[in-house]
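Look at the two complexes coming up: subunit A is in both, with subunit B in one and subunit C in the other.
The block that comes next holds the complex of A and B.
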C-alpha cells in the first residue's frame, strides 16, 4: 500500500473505532450492511472519475449521468414496457456514448473538460426531467404499477443489482460484488496494462507522452468513456436500490462526492497520480462520516461542513508528506 | 586595462549547487568600468547561473560579491538594479501591447498621486532611446518593432535605471546581420559612455570584434582569461573544451549508405510557404545550423509528426510516410530527442525505468499487459549502454542531472533501434563530460548505420560533429556546406541571409 493509501485507511479505522465506542448500534449488522452498500455505490462512481482525474481532467456530469441512466431505464421499463435486458444494454451504451462525446469534444475540439462536463451536467439533468415530465418512477413495479413486461426477470434483476446474499447471519449487499469486480479490473488496468501506464504518463506530462509515441487523444477519450460507463453502472445500481427515481434529484451532487473521494484517495487534480484502492477507501470514509454524524447525533446540517474539513485536512496532510519526502529525496541526492 | 583601479564588479569563490548538479564551483570574475567582458563557455558551463546571481535573480550558496569594492548581497533583481547591475534577458521582457515610453518606465512611471505624468514619461524615454540610437516616436508600440530594436529598447530601459553594468545573455542569437551590427555599435557607444558590459555569446567571431577581455568557463569553474591581444579562435576553444578539438569531437567519416530520410518540397505549418528538400544517408551525421527562430526545431517537429507537414513527401528508407503524429513517425523508424527535455523529452515525475521504457512498452506488451521483464531489460540496457548515473531504476527522473536526463531520452529511443535519430540541441545544459559521451555515442551510432540529423546553436558542435551542415534562414534551407567548407564565417553568412559572395 502506498503511504497516502495507508493514511486514508488509518482515518477509516479511526472514525470507525470512535463511532463504535460511542454508539453500540453502529456495528449492528443492519448498519454495517447499509454502510457497505452505500460505500460500494459511491466507490463505483469514484473509480470512474479517478481515471479522468489521472489524465489531469475532470468530470462534473457524473451525477446527471447517474440520474439520466436511472430515469431512462425506469422509463423504458415502465412507460414503454421494453424488455429489461434491452433497457439495460441501451442505458449502458448511452452512458458509454456520453463519455465518447465528452472525450471527443475535449481532445478534438479542444474544449476544456470543466466546460464540456459542466454543460453535460445541465443537459442530462434537464433531459431526465423533460423525458418524464419530472414524475418519479422506478424500474421495479410498486403496488398498483402497470406497464412492465417480464416481471419475473425484473425481480431477478432487482436481486442482482440491489439484493443481499446471506453469509451466515450477515447479508452482503450485491453492489459490493460489483465494486469488487470493477475495483480489481480497474486496478489491474491502471497498474498492469500499457494503457494504464500511458494514462499516468500523459497525466504527468501530456507533451512528453505524445513525443514518446503515445496516442494521448485516444487515451483521454478512453478515460472519459470509462468514467461515464462507471456512472452508468452506478445509475443502474441506484435505480434498483431506490424505490422510485426522482428525475430532478437522483444523483444530484454525486459528482462532487466522487471527485472528493478521488482526491481524498490520492488522486491529484494536476493529474498523473492515483490509486484505485485509495479511492475505494476514501469513498467508504465519506459514507462513514455521513453515517457517524447520524449515529453520534450530530446535527445533519453539519454534514457538508465536516466532510469539507476532513477532505481539506487529508489533502493538506498529503501535500506536507509529499514536500517532506521530496526534500528528503533531494537531500539524499546531494550527499554523494 | 586599468589594472590598478578597483574593479567595478568583482566576485570571488562563488559556489552554487542545484539538486544533482554543481553549477558553480569557486568562480571568480572581474569587471572594470567601461570594459566589455566576453563570457564564453559551452552549454552548461555555468554562464547563465553566474549571470542570474550577478543580477539578483537567484542567490549564491557561498562566495563574495563586491561592487565598487563594497560587499553586496542581492536578494532580488530590484536590489541589483539599485546598485546598477541590469540583466538583458535572452527572452526579452517587454510588454508588446504598451508603447516605448510605457515599457521603459514600467513600474517606475513618473507620477503625481498615482496618476501617470505622460509628458514627463515620454520626454525622459526619448532621452534614453537616443542613447541607444533609436530615433523612434515614443508612442510606437513595442510589439510593432522587430526583435533587434526591441532589444535596444530593453537596453534603454536598463540605462533609465542608471545601470552601470549591462549583462547581455546571447543578445545576437535571433538577430539578423544588420541588427547585429547595430547592436555592436551601441555596445561601443555605451563603452564610451563608461558603461561596462558582460557579453555572453556562443559566437566566437563576435568576441574578437567586441571584447576587451574574455573569461572562459568550463564545467562550472574558471577555465582561464584572455586579454585582448590573446583573443583568437583556437585559444578560446581550447579553454572551453579543455583539450584539443580533434580529441573532443572524435569523428570518423563513414561511407554514407543508402538514403534513409528524404524530404521533397515539404512545407511545415510554421513556414507554410517554404519548401524544404533534403536527403540524409545511413551513417551520416548532418547538422542543422541557423539563428534561433530560423525554423530548425519546427522542421524536426514536422518530420516527426508533431506538427504534420502541409505538403510535400517524406520518405523513410525509400517508403513514403506522412507522419500525422509522433506515434506514426516512430513506427516508420524515426526518433526525436527534443529541444526541451523537461517538457517534451521526459515525464519528469516518473522513474528512470518508466521513462526509458515508455516508447517500447507497446512493442514489448503481452496483449496489452505490461511486460515487466522486458521493461526492466530495456531500462537496464539504457543505463549500461549510456552509463546513466542513477542509484536505481526507481529513481525519479527529475532528480537526475541534465546530462543523465538526456541519456534517458536517448536510451528510450535506442531501445527501438531507429533508422533515423533526430537530436534537437543535444547537449544543451549538459556538462562537458556527458557532452563528450553524447558525441561519442553519435559517432558510434553513425558507425552502425543510423542516420543522424541534429540541430545545434553551438557553432563548435556543428563544426566538430557534422559531416555536412544545412543552414536555415527564415524557414528555408539557405545553403549546404560539406565538411571541408564548414567554417563559422560561412555558416553565419548563410544563417543571417548574406550571400556567400558578399
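The block that comes next holds the complex of A and C.
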C-alpha cells in the first residue's frame, strides 16, 4: 500500500473502531452488508471521476448522468416496454457517448472542462425531467403496471444489480462485485498499462507529455468516456437499488461525493496524482461517516459539518505527512 | 467605434421593446370586471410529482370555471420562484396562487406581488404577507391522524421512529408534532401556535403512553440517504416496531429497507402522501396506511378562489382547509385509481 493510501486507510480504521466501541450493533452482519453496498455504489462513481481528475480535469455532470441513465432505463422498460437487455445496452452506450462528447468539446473545441460538464449537469437533468414529465418511475414493476416485457428477466436483473449472495450467514451485496471488477480493471489500467502512464504524465505536465509524443487529446477523451461510463453503471445500480427513479432528484449532487472521495483518496485536483485503492477507501470513509452518525444518534443536521471536518482533517494530515516525509528524504540525501 | 450595423440593430431592438411595452396589458382585469380572457398562475415551490397531481386539479378547475391558468414549477428555490413571479407580474397576470419556498423572508416580495395582482398562498402559507387567503392542509391535524394510524398498527404500543426530508419546513414540523402529540396522548394544539419538541429530541415518551418516539432522522431529499437511514435504524434499534415517513419518498424507502432486512410484518410503516410503492404496500398489507393531502384539491381550490376574487367575491376566511384523506387497505384501490387518473391529467 502506498503511503498516501495508508493515511486514508488509517482514518477508515479509526472511525470504524470508535463507532464499534460506542455501539456494538455497528459490527452486525446486516450493518456491514449495508455499508459495503453503499460504499460500492458511490465508489464506482468516484473511480470514474478519479480518471478525469488525474488528467487535471473535472466532471460536474456525474450526478445528472446517474439520474439520466436511471430515468432512461426505467422509461424504456416501463413506458416503452423495450427489452431490458436492450435498455441496459442503450443506457451504457449513452453514458459512453456523453463522455465522448465531453472529451471532444474539451480537447477539440478547447472549452474548459468545468464549463462543459457544468452545462452537462444542467442539460441531462432537464432531459430526465422532460422525458418522463417529471413522474417517478421504477425499473421493477409494481402490481398492475403494464408495459413491461419479460418480467422474469427484469427480476433477474434486479438480482444482478441489487441482489445479495449468501456466503454462510453473510449476504454479500452484488454491487460489491461490480466494484471489485471495476476497481481491479481500473487499477491495472492506471498502473500496469502504458495508457495509465500517459494519463499521469498528461496530468503532471500536459505540454511536456504532448511534446514527448503522447496523443494527449485522445487520452483525455478516454478519461472522460471512462468517467461517464462509470456514472452510467452507477446509475443502473442506483436505479435497481432504490427501485424508484425521481427525475428531478436521483443523483443530485452525487458529483460532489465522487469528487470528495477522489480528492480524499489521494487524487490531486492539479492532476497527475491518484490511486484507485485510495479512492475506494475514501468512498467507504464517507459512507462510514454517514453510518456512524446514524449509529451514534448524532443529529442529522450535523452530517455535512462532520463530513466536511473529517475530509478537511484527512487532507490536511495527508499534506502534513507528505511534506514531512519529503523533508526527511531531502535530509537523508544531504547526509554524506 | 460602433459599426453602423450594431447601431441599427440596437435601434430596431429598442423599437421592438417600445412596441411591446406600449401594448395594453393583455390579461389584467379590473376588480369586478370580466374574467373571460383573464389569465391566472399557479406557482409551486419546486418540481415534484406531487405538483403534477396539483396541476391536475388546476386543469379540471380551468374548464369548470372557464379561466386560463398557467402552471409554473421553479426548479431551484427562492431565486427561481422570484424570477418566475416577476415575469408573471410583467405579463400582467390577474391572480397568482403560490406556495412560497421561504415564507418569512419572502414576505416583502410577496407584498409587492399582492399590490400588483391578486395573491393567495397554497400548500405553504406566508401569514405575515398581504396575501388574500391561504389554501392548505392542517398539517398538525394530519400528523395526529397519522399518529392514529400508528396506534392502529401497534395497539400494544412500542418504539417508533420518524423519517423526514428536512425539518426546516413548517409543514414537516407540524406533521411531526402531530404524530408525537397523538402518540404521547398530549392535548390537541391550535395550528397557529403549535409548540414543537426539539428537532433532535430522542426517546420521547410520556406517562401513560405506550409509545416511545426514538428519534427523527432527516435526509435532505436524497432517496439513497432516506433508505440508508431506514437501514441504520433497523440495525440500531432491535425493538423498533414502526417507521413513520413524513415526506412522500420516505415510506417507500422504509418499505424497501424492511423487506431487504426480512422484517416485513415485524416493523410496520405509516406514511404520508401517495407514492405508488406505498400504495402497493398498503394493498399487500406491508404498510398500515397513509395520509393523502389530495393534492388535486389544492389546484382546484386555488383556481376556484382566484376566479371568485376576480369576480369580486372575497373569501370569507383567511384559511381554507383542504381535507386530507386517510388511506388504508379498505379504500386503497379506489384511491389509487383516482390518483392514476389525476397523474395522467396533470401531465398534460
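We take it that the second predicted complex is superposed on the first by the 327 of 336 C-alpha atoms of A that agree within 3 Å, B and C clash if a C-alpha of one lies under 4 Å from a C-alpha of the other, contacts with A are read in each partner's own complex, and residues count from 1 in each chain.
Basically, a residue touches a chain if its C-beta (ideal position, glycine included) is under 8 Å from a C-beta of that chain, and two chains touch if they have at least 3 such contacts.
Keep in mind the model is a prediction, meaning the values are calculated, not measured.
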| item | value |
| --- | --- |
| Side-by-side fit of subunit B and subunit C on subunit A, or clash | fit |
| Which partner, subunit B or subunit C, touches more subunit A residues | C |
| Touching partner for A:322 - first (subunit B), second (subunit C), both, neither | neither |
| Partner chain(s) touched by A:210 [first = subunit B, second = subunit C, both, neither] | first |
| Which of subunit B and subunit C A:272 touches, first, second, both or neither | first |
| Which superposed partner A:194 touches (first subunit B, second subunit C, both, neither) | first |
| Closest Cα approach, subunit C to subunit B, once both complexes are overlaid on chain A (Å) | 19 |
| Footprint of subunit A on subunit B - complex, ascending | 17, 19-20, 304, 306, 325-327, 329-331, 336, 338, 343-350, 354, 358-359, 361-362, 365, 368-370, 396, 399, 412 |
| Residue numbers on subunit A that touch subunit B, as the complex places them | 192-198, 200-201, 204-205, 207-215, 272, 329-330, 333-334 |
| Footprint of subunit A on subunit C - complex, ascending | 46-49, 52, 73, 75, 167, 199-200, 202, 215, 217-219, 221-225, 227-229, 231-236, 238, 249, 252-253, 256, 260-261, 275-277, 280, 283-284, 343, 347 |
| For the subunit A and subunit C complex, residues of the former touching the latter | 23, 25-26, 28, 30-31, 34, 38, 41, 129, 133-136, 138, 142-143, 164, 238, 241-244, 246, 248-250, 252-253, 287, 290-291, 294-295, 297, 299-301 |
